[in-house]
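What follows are several structures.
In what follows, chain A forms one complex with chain B and a second complex with chain C.
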Partner chain A sequence: MIRPIAPQRILSVDLTRGETRVEVVPEEDVIKYLGGRGIAAKLLFQRVPGGSDPLGPDNALIIGTGTLTGTGAPSSGRTSMLCKSPLTGLYLKVSVGGHLGAELRYAGWDYLVITGKSPQPVYLSIADDRVEIKPASHLWGQGTRQADARLKQELGDPTLQTAVIGPAGENGVLFSAILCSRFNGASRGGIGAVMGSKKLKAITVQGHGGLRVSEGEPFYRLADAMRHELAKDSGTESLYNWGTSGSIPGLNEMGMLAARNFSQVTLEGADQLSGQHMLDDGYLIGRESCFSCSTACHRFVRSLDHRWGEVLDSGPELETVLALGSECGIVDTESALVANQLCNELGMDTISAGHAISWAMESFEREVISSLDTDGLELRFGNAAAVHEALRRIAYREGKLGDLLAQGTRRAADRVGQGSHRWAIQAKGLEQSAVDTRMAKGYALAFAVNPRGPDHLMTETFAEFGLSKEAREVIRTITGDEKYADPHLTEKRAEIVRWHEDVYGASEALGFCVFTSTAAFAVNPRNMAQLMSHALGTPFDEEQLMLGGRRMVTIERCFNAREGARRADDRLPWRMMNERVPAGPNQGMITDQAMLDGLLNQYYEMHGWDPATGIPRAETLETLGLLELCGDVAG
Partner chain B sequence: MNPTSLTIESARCTACMACELACSFTKEGFFSPAFSRIKVMQVYELGVNVPIACVHCADAPCLASCPSEAIVRDEVRGVVSIVAERCSACGECVEACPYGAVHIPPEQELAVLCDLCGGEPACVASCVYGALRYERQPDAVYASLTVTTHGMDLPQKRWRVAEAVAERVGQAREAMP
Partner chain C sequence: MDRTAAIQVIVRTFGLRGRDSGLTRMPTGFCAGTTVRDLLAQLRAGARPGDRLASVQSDTLLVLINGRPIQYLSGWETVLRDGDEITCMLKTAGG
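And now, the complex of A and B:
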């Protein structure tokens, strides 16, 4: 079937009853919420009642494809996956690349809403209009790679797309992931455990249809021009050459490299973890793109001396080599590749896994926990073999250590006590990505208000560093003056964060990778809106686009308010707010409670949220046309 | 007549699928890999991506197999193409092509293959990685493959060819210093 971009179609699957249902999202809703992450946020708000058990049948796993995913728009293949997080008990959106979203759209579906709980392990098979719930007992227990290969073989189609959980998701590890298109992790917040709680091992998708945009020629010409402009961008060049870990040498030099559970900001030898090192020494053997992307930041790597085991697999991202490398005091390329492969195969988030282990390492070295608590494992910084073993035990919840860390750092610190929350690198229950928020005030604010917890993939204000002409131009557009492209300033941070929230939301609703709109800048609100206009065949401007992003952010905030989240939850990990940067060019810097309070006041005020609670006011909801949807939680 | 073909360098392909989208949009006016004349196969185990398209073989089995003379060769440029009005979508050519480069799109009554867009292939213009070029050279990759795909269905055939090319790329990679 060749379809237009809108209206869009929802496939609802109730795994308790084994029933499916088809619904339609009218074009006016696609315009209002932009589709993708926007419509998915609305569906999550409507369909998961307040107070639901994240691992119970009432939670929904929602997959939202981008409104431009499957078209030739550059880097537009990203898919949003939503649920209530079992790690935080709050709103969770995870964005994933690869080819799953495009395949779903070609199969005729824009959203999947999966609820209920199957009595037996099953997988969901989608082949265009043919949707079947099939037994998966024979796949239960398998690693993600193994299950992916088996499904392709069974269904006789080596090009089908999959979303698969590994043993970690089956065993309810609270930071388990869903691996999509084999290489791409939807990883944060325990979304894999939600899939596992429903006894859903995998989703397979085969699509043979297509998408027709309304104004074909102008759409194609603009998309093609954007693709080539993006490929020339300096940020893109670095991402192609070295991947995300190409920033390691710079981070180390600037004293911004998270090391040894954030107790250090540089680490000798950290360049071993960099994309440059992986390229120069022959670890890198291939580059992979997500659907329709002209950057190809994803890596394919091999091990060389196989010291910790053989690796021939997709490569580690920056956050992975930091969390499982420098944060654990390990600067060993081979170890990082093995740790990455283990997390992918077992189906776990590398950021949370790394920070749970680095918390345990610090606890061990401070003698807050002992080898009795670790079942004999010498969890000291720098012990690579112990990291690999801990990952395996976590995935299978094996022994005291595996079970303790599988629940995430917040719960582990609560159980161990003895002040260990001070070095638990988490807020709202989510382990912070290995980004130091003490010297960058936009980052600090964005991380604190992030509905899923402190990390860089809901809103990252990279432009505030002003590292390129384009970045400074973005800051000028937002604030009126380039001088605000300075991460140490607290002025104008609320404006900068809000602009990035809107752009992140809009990008992800349309399917664009945020790297192309907020790290490189070839994709911007103007050309995104133009593409939407050509795609829908109706006037659509930048203001509507940004408003769509704002609606998403507001619905997400309302979801959390309904779950009881308040201003006090908008915070950063204890160490980030109470211990100053220990060394380097940023020595002494901090974003403490008083400074954060100032930033929050500006931010809530700007949004029209009650500064006492952080909840959107009724008049704010009315202005955004969200009163009907979210009015019950208004502050 | 000198057969010409796309110059496909699989080692540079990242599987972004821009070529498939460019092809289907140019030929059909919509975006659908199922209608594309070029198909990228991802050989995950080796991390190699292999674009597959018609190479306009000097001795084209599809042409010989067609019962209705719908497949013709341009004797000047050597390009093989399908005359839509004569094609009955019988599938003989799909079966005859050893590479899986000819196919009948879903719900269509017409076989399709790459005709090089009359000399300016849209896929080449879309590829920012340099994996696809058009240098008006005969194919140098497929002709030297020794795989047998006779009797396989289309996905299997493409997969077998992709694996063979990927193995070769993998070996070249291993030989790198």
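And now, the complex of A and C:
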């Protein structure tokens, strides 16, 4: 069946009762919330009661496809996955690439809302309108790749799309991931544990329909022009050539490389972890695009000497080689590939896993924990074999160490005590991604207010570095002057962060990869709005688009407020706020509490949120048309 | 400014000469008053056939002086000083 972009369809699945239900999202809601992450945020707010146990039946796993996903809009294959996070107890949105979202739309579904808890392991089979909950006991315990292969074999369709958890998700590891069609991770915040708590091993999707945009000729002409603009951007070229880990040499030279649990900002030999090295030395064996993407930043790699084991895998991404490499004091390419493959197969977030281990390494070296606590593992910086073994133990919650780290760094530090929270690189319970927020003030603010915890995957203010004319133009558009394209400044950071929040949210709601709008800059609010207008066949402008982004940020804020989050939760890891950059060109820099308070005051005021609590005011909700939805939590 | 006076700087290029990941370090002497733009022109003049350096557009380069992007200094007109360490590489993005 070929169907229009809107109205959109929700498939609700209650795993306790084994029932499914179909609902419709009217076009006016698609315009108001933009789709994807926006509609999913609204559904999460409505359907997960405040105070719900994240691993209980009341939590919902919501999958929202982008409104333009499945069309030929460039790099528009992203899918949002939402739930209440078991790691943070707060809102969680994860974005994943690949082809799952497009396949789901071709099957006739735009959103999945999965609640309840099955008594036995099951998987959800979606083949167009045929939806079945099938037994999965024979898959329980299998790694993500093994289960994916088995499902394709069983269903006789090697091209079907899957979303699968591994042993980590089954065992309730609080940073477990969902692997989509083997190679695309929906990884942060423990979304895999939520799927595991429902005894849902996998989702399979087979779609044979299509989508029709309303004004095809202008839509595809504009999409083509955007694709050409994107191809000209130097950011796009580097992503194709080297992937995300192409940034490592630059980070190391600029003294911004996260190393040894953020105690260092450079690391000798870190270039061994770079995409350039993997290309030159023959580790890279292929590249692949997500749906409708011409950038092809996704990597396929192999091991060469197999000294830590044989690897044939996707990735690794920049954050992975930093978290499991430099943060653990390791600059060994082969080790990074093995660690990445272990996380993918076991189904774990590489960022959180790496930082949990690097926290334990520092604790071990400070003699806060000993080999008695690690079941004999010599958990010292640079010990690659120990990292690989720790990953395996975490996934199976094996022994004291595996069980301790499986709960994430915040809980581990709480349990160990002895001041170890000072080197736990987390806030709100989420392990921070490897960006040094001491020297980049926009990043610092964005990380502190991020509803899921401190990372770059809800709002990325890369433009504040001003390293290209396109980036400086973005800063000029936001602030009126490109002199603010300087990450060391605190002025105008609230404006820069809020603009990026809106764009990031809108991009994800439409299904765009944010690399196209906040790393490269060819996709922007103006052309996104134009595409939306052509897709729906109705006038739709940039202001509506940005307002849609603002609405989802506000709903996310209200979700957390209902869970008890307040201004004091908008913070950065202790080390980022209390220890200055130790060396290099940014030596001495810090974003301390006083500086963060100043940034937060500007930011809350700009949003219309109560500066004392960080909760949106009733008049703000009314202006955004959210009073009915979120009014009960207004500040 | 005495443009006859010599300064010594260290130039490091990454991914611009031959292989992508090769880091080349070279101590180089220049006249006082040499700018980053002058430096790049000289590096290009000395590039070998096939080096990215020969063909790369300036606005796709990340140039650091002592670890600081030239965008925070005086851009391409930044004057080199004795003892500076200059790094040139292609810009990257995404994480």
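The definition used in the following text is that the second predicted complex is superposed on the first by the 635 of 635 C-alpha atoms of A that agree within 3 Å, B and C clash if a C-alpha of one lies under 4 Å from a C-alpha of the other, contacts with A are read in each partner's own complex, and residues count from 1 in each chain.
The definition used in the following text is that a residue touches a chain if its C-beta (ideal position, glycine included) is under 8 Å from a C-beta of that chain, and two chains touch if they have at least 3 such contacts.
For clarity, every value in this text was computed on a predicted model and none was experimentally measured.
Trainee: Once the shared chain is lined up, is A:597 touching chain B (first), chain C (second), both, or neither of them?
Mentor: neither
Trainee: Going by the contact rule set out at the top, does A:469 touch chain B (first), chain C (second), both, or neither?
Mentor: second
Trainee: Where does A:220 make contact in the superposed view: on chain B (first), on chain C (second), on both, or on neither?
Mentor: Once the two structures are laid over each other on A, A:220 reaches chain B alone.
Trainee: Check the residue A:235 against both partner chains and state whether it touches chain B (first), chain C (second), both, or neither.
Mentor: second
Trainee: Between chain B and chain C, whom does A:456 touch in the aligned arrangement: first, second, both, or neither?
Mentor: After superposition on chain A, A:456 lies in contact with chain C alone.
Trainee: Touch check for A:314: first (chain B), second (chain C), both, or neither?
Mentor: Only chain B; A:314 stays clear of chain C.
Trainee: Of all the chain A residues, which ones make contact with chain B and with chain C?
Mentor: none
Trainee: Chain C touches which residues of chain A in the complex?
Mentor: So the residues of chain A touching chain C come out as 234-239, 241-244, 246-247, 249-250, 253-255, 271, 274, 276-277, 279-281, 297, 317-319, 433, 435, 456, 460, 462, 465-469, 472, 485-486, 488, 515, 519-520, 584-586.
Trainee: Please name which positions on chain C make contact with chain A in the complex.
Mentor: 12, 14-15, 19-23, 59-60, 62, 64, 66-69, 71-72, 87, 89-95
Trainee: Which part of chain A faces chain B closely enough to touch in the complex?
Mentor: 2, 70-72, 99, 102, 106, 148, 156-159, 182-183, 207-213, 216, 220, 224, 227-228, 231, 282, 285-294, 296, 300, 312-314
Trainee: Flag every residue of chain B that touches chain A in the complex, lowest number first.
Mentor: That would be residues 11, 14-18, 21-22, 24-25, 28-35, 41-42, 44-49, 106, 125-126, 128-129, 155-156, 159, 173, 176-177 of chain B.
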